Each structure stands twice: as C-alpha cells, then as structure tokens.
Amino acid sequence: MPIDKRVASAAEALEGVSDGAVVLCSGFGGAGFANVLIAALCERGTRNLTLVSNSATHRFSFTHQLIEAGLVRRVICSAARGHAAGLSPLEELWKDGKIELTVLPQGSFAESLRAGGAGIPAYYTPAGVGTQLAEGKEIRRFGTRDYLLEEAIIGDLALIRADVADRWGNLSFRHAQANFGPAMATAARLAIAEVRITQDHPIPPTEVQLSGVFVNRVLAVGG
Amino acid sequence: MPIDKRVASAAEALEGVSDGAVVLCSGFGGAGFANVLIAALCERGTRNLTLVSNSATHRFSFTHQLIEAGLVRRVICSAARGHAAGLSPLEELWKDGKIELTVLPQGSFAESLRAGGAGIPAYYTPAGVGTQLAEGKEIRRFGTRDYLLEEAIIGDLALIRADVADRWGNLSFRHAQANFGPAMATAARLAIAEVRITQDHPIPPTEVQLSGVFVNRVLAVGG
Amino acid sequence: MHPLNRLQMAWRAAQDIEDGMVVNLGIGMPVACGDYIRPGLEVVIQAENGVIGAGKLADQAHADSDLVDAGSRRITLAPGATIIDSTASFAMIRGGHIDATILGAFEVAANGDLANWDMRIPNKGPLVGGAMDLAACARQVWIIMEFNTRKGAPRLREACLLPLTAPGCVRRIFTDLAVVHVTAQGFLVTELLPGLSPEDLQARADAKLHFAPDCRPLTTPALALPE
Amino acid sequence: MHPLNRLQMAWRAAQDIEDGMVVNLGIGMPVACGDYIRPGLEVVIQAENGVIGAGKLADQAHADSDLVDAGSRRITLAPGATIIDSTASFAMIRGGHIDATILGAFEVAANGDLANWDMRIPNKGPLVGGAMDLAACARQVWIIMEFNTRKGAPRLREACLLPLTAPGCVRRIFTDLAVVHVTAQGFLVTELLPGLSPEDLQARADAKLHFAPDCRPLTTPALALPE
C-alpha cells in the first residue's frame, strides 16, 4: 500500500492519545506553533499531561489554554514567565503547588530533545554549571572545565507545525518555523505535524527538512 | 570588509597547518572526499598527523597517500581494513607498531565529531556495549539499559568536499556528498572546503546545508 | 537437497518485510533484499550514509559517484526520498527509528548475540563500520548467512566464538537451509529445507534447535546468481 | 553629567564589534546594536532561534510572523543568511562558534560572574531562555546595562546577589556611565563619562574599580529614544 500519513481531521490526528501523555509542543517567537492540534488536544480533554514547550505560556501559543483548562500537571520549559505584570495562570498554579515546573537552559532543552530522538540517554553540557539549575545534577570535569549531566527528553506525542507535507510525511518549514519541531518529532513516539498544505507528490529530496521517517501523521490546516 | 572566505590555491588553503595536527577528512563510499586538499597536505609534508576518517584507507580517498607517505602517527576511524586480500599500508604500519589505531562504531564516530562541534565533551550511547570496543570505557545504566561513555573528537583541521560555496563560506552538497563533512567542519578549529564552484552571490537561504559560520576557507577545484 | 543460493536467501528475508517499514540493508547479501520486496508494498530503505529512500541501482547513464549507498553502489532515489548527513543518519539509527536492519553475520548465539565484524584474521585491521549501531539500536535485527561456514563449522552456536557486534539483538536468521527465530527459549526453526530432516539440521548446529509445531518447508523461486 | 541613554549604550557596545565577527544579540538593548555596527564592516548576526544572518527589522509590507528573531521581532535576512533549527542553533552556540554575545544583565561581579535571568520576584516563573548557554559558551560575553539600578543600587559587585547565569564569563560591560573590562585583577574602567570623576564612579559600585592609565572619555553621538 502506498505510504500515506495524511489524516482528515485534528480529531483523527490525535486518535489514541491517552491521559498522562508527555506532549512536546514546538514553536518560538510566534513561529511554529501547532495551534490547531493544541486546540484539538484541549477540546479532547486529555488530562494529566506533561507539557514540554520552550516558552510554556507564549502569548501566540495555545499551550496556555491547556494549562488554563487544568489539563497539565507538569511543565518542562526554558521560560515560564507570563508577559503581563501580574501572575499568569501557569505561575498561579505553580505558586499553589498544582503544577510541577522544570526549567532548563534553552540549549539543554533543545539538546535533550535531540538526544531523546537520537538514542542518547544523557550528555554533558557546560550550560548551567555554577547556577541554581545545576542543583541535584551531576557535575563532571572533562579537560579543564566542569560540565553538567543532562538526560534525554522523550515524548509520547509531538505536535509540530510545518509548511508543506507530502504523503510520506516529509516536511518543509517556512523561515524560522522549524525551531524545536524537528527535534521534537524525533523524540516522540507519535509525531503529528499540522501544515499549510499536504501533497501527493514528493517534496523534492533537497527541500525536505525533516524526513517522514520521524513523522507519523500530517494534517493540512491552511493558513 | 565584505566577508570572503575564498582562497586561490590549495597551498593558501592550508596556510598555518602545523605538524602534529588532528586532521578530519570527510567522505563515504566515493562521495565527499576532499582529495585536492588531501593531496596538497601530502605534498606539504606536514608530519605526525592524527587522521580522523571514517574509512581510513578507502580506495577512492587520498587519505591512504598520507599514510603511505609516513605522515600519519595515529588513525581514528570505523574501518581500517584494506580492500585487497593482503595487508594495506595502514595494516602493515599498524602491525609493526608504527601507527596507533582507534576504531569506533560509525555512529559513535559521527556523534563524537558532532559533539566536538557542539560543545558536548561526552555522551552515552548503546553502540558497542558488550563488545571489545567497550574495553576501558565507562559503562553506565540509564533506565533498563547499559550505555557507553564516548568523548568528543575535536580537530585542528577539517578537509571536506562540497558542491557550491558562496563568499560567506555557506555550502551546499550534491546527493550523499555531505556524510561526515558538516560534523567535521563544526568540530575543527580550521575548516576548509573544496568545492566544484564558488560564487560571489549568496546560496539561497533554504539551499544552504552548512552555514559559513563553521567554514573558514573555501577553494574551487571544479569537477 | 538444494540449499538456497545467496539471492534466494535474500528473497526469503525480503518476504518478511512488511508494508511501510523503514529498513536498513547491510552490505553484501542483504542489499539484494531490496529487489524482492513483495509487490504492492511501499518500504523506505535507509542507507547508513544518509540516503533515506534508496531506490534501484542506477543504470550506466545515470550512475553518479555522489549518489551511493552504504556499499558504495551507485543508486537512484525512490519517490519520497531525502538525503541527510552521517550524524543525522546514525541519530535515526541509534534513536530506534529503523524498523528492521538486515545484516550479514559470521555467528549468532542462542541468546541472540551477534558476531559479524571481526573474523580475527591476523593483522587485518578492524572493520566495524555501522554494524554495532545498527545491531544495538534497530527495532529488529535480521540476519542472512549460510547455516555453516565453508569448512562446515556451525554458525548457530551456544555462544559466539568471534568478537561480538552486539549482545542479544538478533530476532530472525535466514539461512540456506532453514529460517530460524531467536526466542526466549533459544533457536526456533520455523522453516526447513525440503529433503533435510530436523536431525540433519541439528547436527550442523552448535546449539539446541527447537522446531516450531507448524514448521514449514523453506521454498523460494529459482533465482540465478549473476555470472 | 549626561548619562548615555539606551540607544547610546547600544551604539557604544556596537563600536567594539569587529569585522567578520559572528555576534549574538540579546533581547532588549543588545538587539539595537545591530543598527550601529561601524560602516564598512560585515558581521553575521545570530539569533538563538536559528536565524544565522539576521538583517534589519521588516517593514510593514514584508513582516512575516515566521521570520522572527529571539525577541519575536519580525526581521529580514541579511545576504548570506540561512536558517537552522533550535538544536543546531544551540549546537553552534555551545560549540563556541559565536565570537561575541551581547546581553543585558542585572549584576556583574568583579570575577566576571553574570546574573541576568532571575530577579527573584515572588512567584514569577523562572525565565532562563538561552542566556545560560550563551553566557557559558560564547567566546566573549559583553554586557549592556545601567551602572546602577533605578533605586541606585550598584550592579557592579564583589559578588552577585542574584542567582548566577554563568560564573566568570563577562569580559566587557557597557554602561550609561562607563565602559568597564573584566580582567584578572577585577573591574578595569577604560572609558568614563565626561563630568564624572573616578571617585564618583567608585562610589556607585560595590567592588573595587581600577582605572586604565589611558582611560578615555565615554562619548557617543546624540541618539534620540523613540517616543
């Protein structure tokens, strides 16, 4: 049968996603948020999620809807601060002990996802050494410098945004849309991309930015 | 001054390379060997080299010339076997204790180069656990599985082959020409690419496969 | 008794490839599997040098020394293909994104240990290549090899004599005499060459062979080796 | 005494950027440095989200929400630019391929310790972003910040009071009152605002300030802040 990873609806895309899932959501600075899929996940009401998103309450991302709907029990991110002067819903829930929060340097956040997808359980990095974020983590010297052991992040589900997908699940991205998407797709058991358009014919080999081997389902959402 | 990484000759490309250098040479299966630069390094007579090359005596690569000329004291590779039934010059030198040999699984060879370029001093991998190549290396359990600690490889010099370079040192590759080239360029203090053509105008942003940030000099060699 | 030739062994292994699988094929017999995938299936063939979606061999007119597979063979791209660098290719392999790798081997042990990288020929340099990454990390490891060495020594053993590639990784073995699965109980023969008795096969192995209750005859089409 | 305004501080920092450098500019004052790079220089501006070769801000007609920098500003690409993903971007940062990063800060210590990520506002969530990677791994870390807080507290200190971003990383500090280098001996003032005495400046710091023998007046063009 021809490989065909296209699905007809966001509901179909999310089929099989269970309570307690670790959900990886891409996006940075307004680019690359899979907001159609995130909204559908919210509507689905899947609970007890671990949300892995660089900026957990970015104003352009619907991840804050998941948080406000009480579906998230843990957040892994590099930025957990709301944009307003007051506390964001995430900060309120965190203050009240209702949400667990893990903050990583952004480079370690990205690298731990890449490690998760690349079969590397842990790696050493200089980022965070000598800071509060090193607390409880192993420090080890290589050569003349100290490094921190960081472990891989693996997700049950990745929700990423791309520009074009072909039936093989190959993806191309517009401009800075890729950001955490490729690493998240490789690190998730089920990787779903929402895209502007899907096509029957292949994306030319040199224009593919993420191989369909890493992508399980693609949904055309326009826009 | 406009950034311009183009050099006029292989001799100019290799300016400043010293005896004892760790030299990273790309190439796999006939694609991506920087043979013009390797021949020039051989002619230069730079001695006491550590040669880091996936297949150290590949018949399409001039790395064997470096070995035969007695310029190499150590080889790091994943394949050290000659193609002929008899012993290759590398094997003869190794047998006689005149060349030091380190063999890594190809995935660890690639990942250690990537780590070298990415500021990661060491990482854990499942490849090689339970084999002779794990001897003397740290084994550590994460979850339910044992992993091997592998350290980064950093080079003084990378000699890689690409298709097109622009004046910024941005590179594009033909087909499977990239192989170890991008990782090697990132892992070397001085990264030199030989290319089919160089151009004054930029390679379009989406066609750049290795950013010029990682490339110090480019040499047009045609072919 | 007509033992399978090398192409027939590749054909038999290829019959087990399922629709939609991502498959890595080793140098030698395994790459021939690409020619025998069941009609109507679409499979992604990964080559360790970064070709994701390797196609048929290139004909003379289209052969390109920059478009090669792990065995340096000049190939074409299948529809939907892309090419990544070696680091990304092994990230894909190590990360468990390969459904099955089909490799050659010298020996396989009853616990699934694989020895396929070093024959211990005096003074020959080591050649490990991508075998350890593939064996340790692909979701399934399948082996194509003759049941015995040219000198008649068993390749299916209680324990490997040659240096290991990876411990406990092999799931299926396609040989010239039988198809053997590696199970928690050890070797399980699921197909046996017509004309060969279970006792005959056992005599050629260095480990206990179990025979599946529904053990079938191992049959393949006639496939002539190239001259 | 006319302390530098934010644009003038960015201008002064930008004058230290050398030809051909790869520079990462932090959110806030640092990104303004991009507008003041000395004429005739070509510099590569790296944004942590993967834009390698960030250009000017996009005008209304060309603004694209997919083409943004680390501060979510809609930008253009400079000639020779490319875009990589976040993992590759931080591999570039962590690997020491950034010649200089220019960041904002709350405090810098005499040993180069940097505190720029957590102001300890009660219950506000942590916001570390890419600062720790940049501070720990760029070849040079330059800081733009006011010499004192709005309440007049010193930002140049014997030891940081706020949580560290990275220890011992800062090399140069561009403030509204002075340019200060961090040396093995501690803070070294290389430029001082006209009308301000060394004693005045010392009184505003919490650490010993050394003054370079060739300490020059800190002067900049008039640059009006936008309304």
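What to note about this one:
Chains here go by letter, A, B, C and D, matching the order in which they are written, and residues are numbered from 1 within each.
As a working rule, a residue touches a chain if its C-beta (ideal position, glycine included) is under 8 Å from a C-beta of that chain, and two chains touch if they have at least 3 such contacts.
In this text, all values refer to a predicted model and were calculated from it rather than measured experimentally.
Simply put, of A-C and B-C, more C-beta pairs touch at B-C. Centroids of subunit A and subunit C (each the mean of its C-alpha atoms) stand 36 Å apart. Centres computed as Cα averages put subunit A at a distance of 33 Å from subunit B. With centres set at the average Cα position, the gap from subunit C to subunit D is 56 Å.
One simple way to say how far apart two chains are is to compare their mean CA positions; for subunit B and subunit C this gives 29 Å. Taken residue by residue, subunit D touches two or more other chains at 83-84, 91, 93-94, 137, whereas all remaining positions touch fewer.
Residues of subunit B found to touch two or more other chains are 111, 114, 118-120, 125-126, 206.
Contact between chains, using the touch rule, shows up for A-B, A-C, A-D, B-C, B-D.
Within the complex formed with subunit B, the subunit D residues making contact are 19-20, 22, 40-42, 44, 46, 52-53, 77, 79-84, 91-97, 137. Subunit A contributes residues 111, 115, 118-126, 142-143, 145, 147, 151, 206-207 to its touches with subunit B in the complex.
On subunit C, the positions that touch subunit B within their shared complex are 47-51, 64-72, 83-87, 89-91, 93-94, 118, 123-133, 136-137, 163-167.
Interface residues of subunit B, counted against subunit C in their complex, comprise 28-32, 54-57, 60, 78-82, 87-88, 90-91, 94-95, 101, 103-108, 110-111, 113-114, 125-133, 174-183.
By the touch criterion given at the top, residues 1-3, 114, 116-120, 166-168, 170, 186, 202-203, 205-206, 208, 211-214 of subunit A touch subunit C in their complex.
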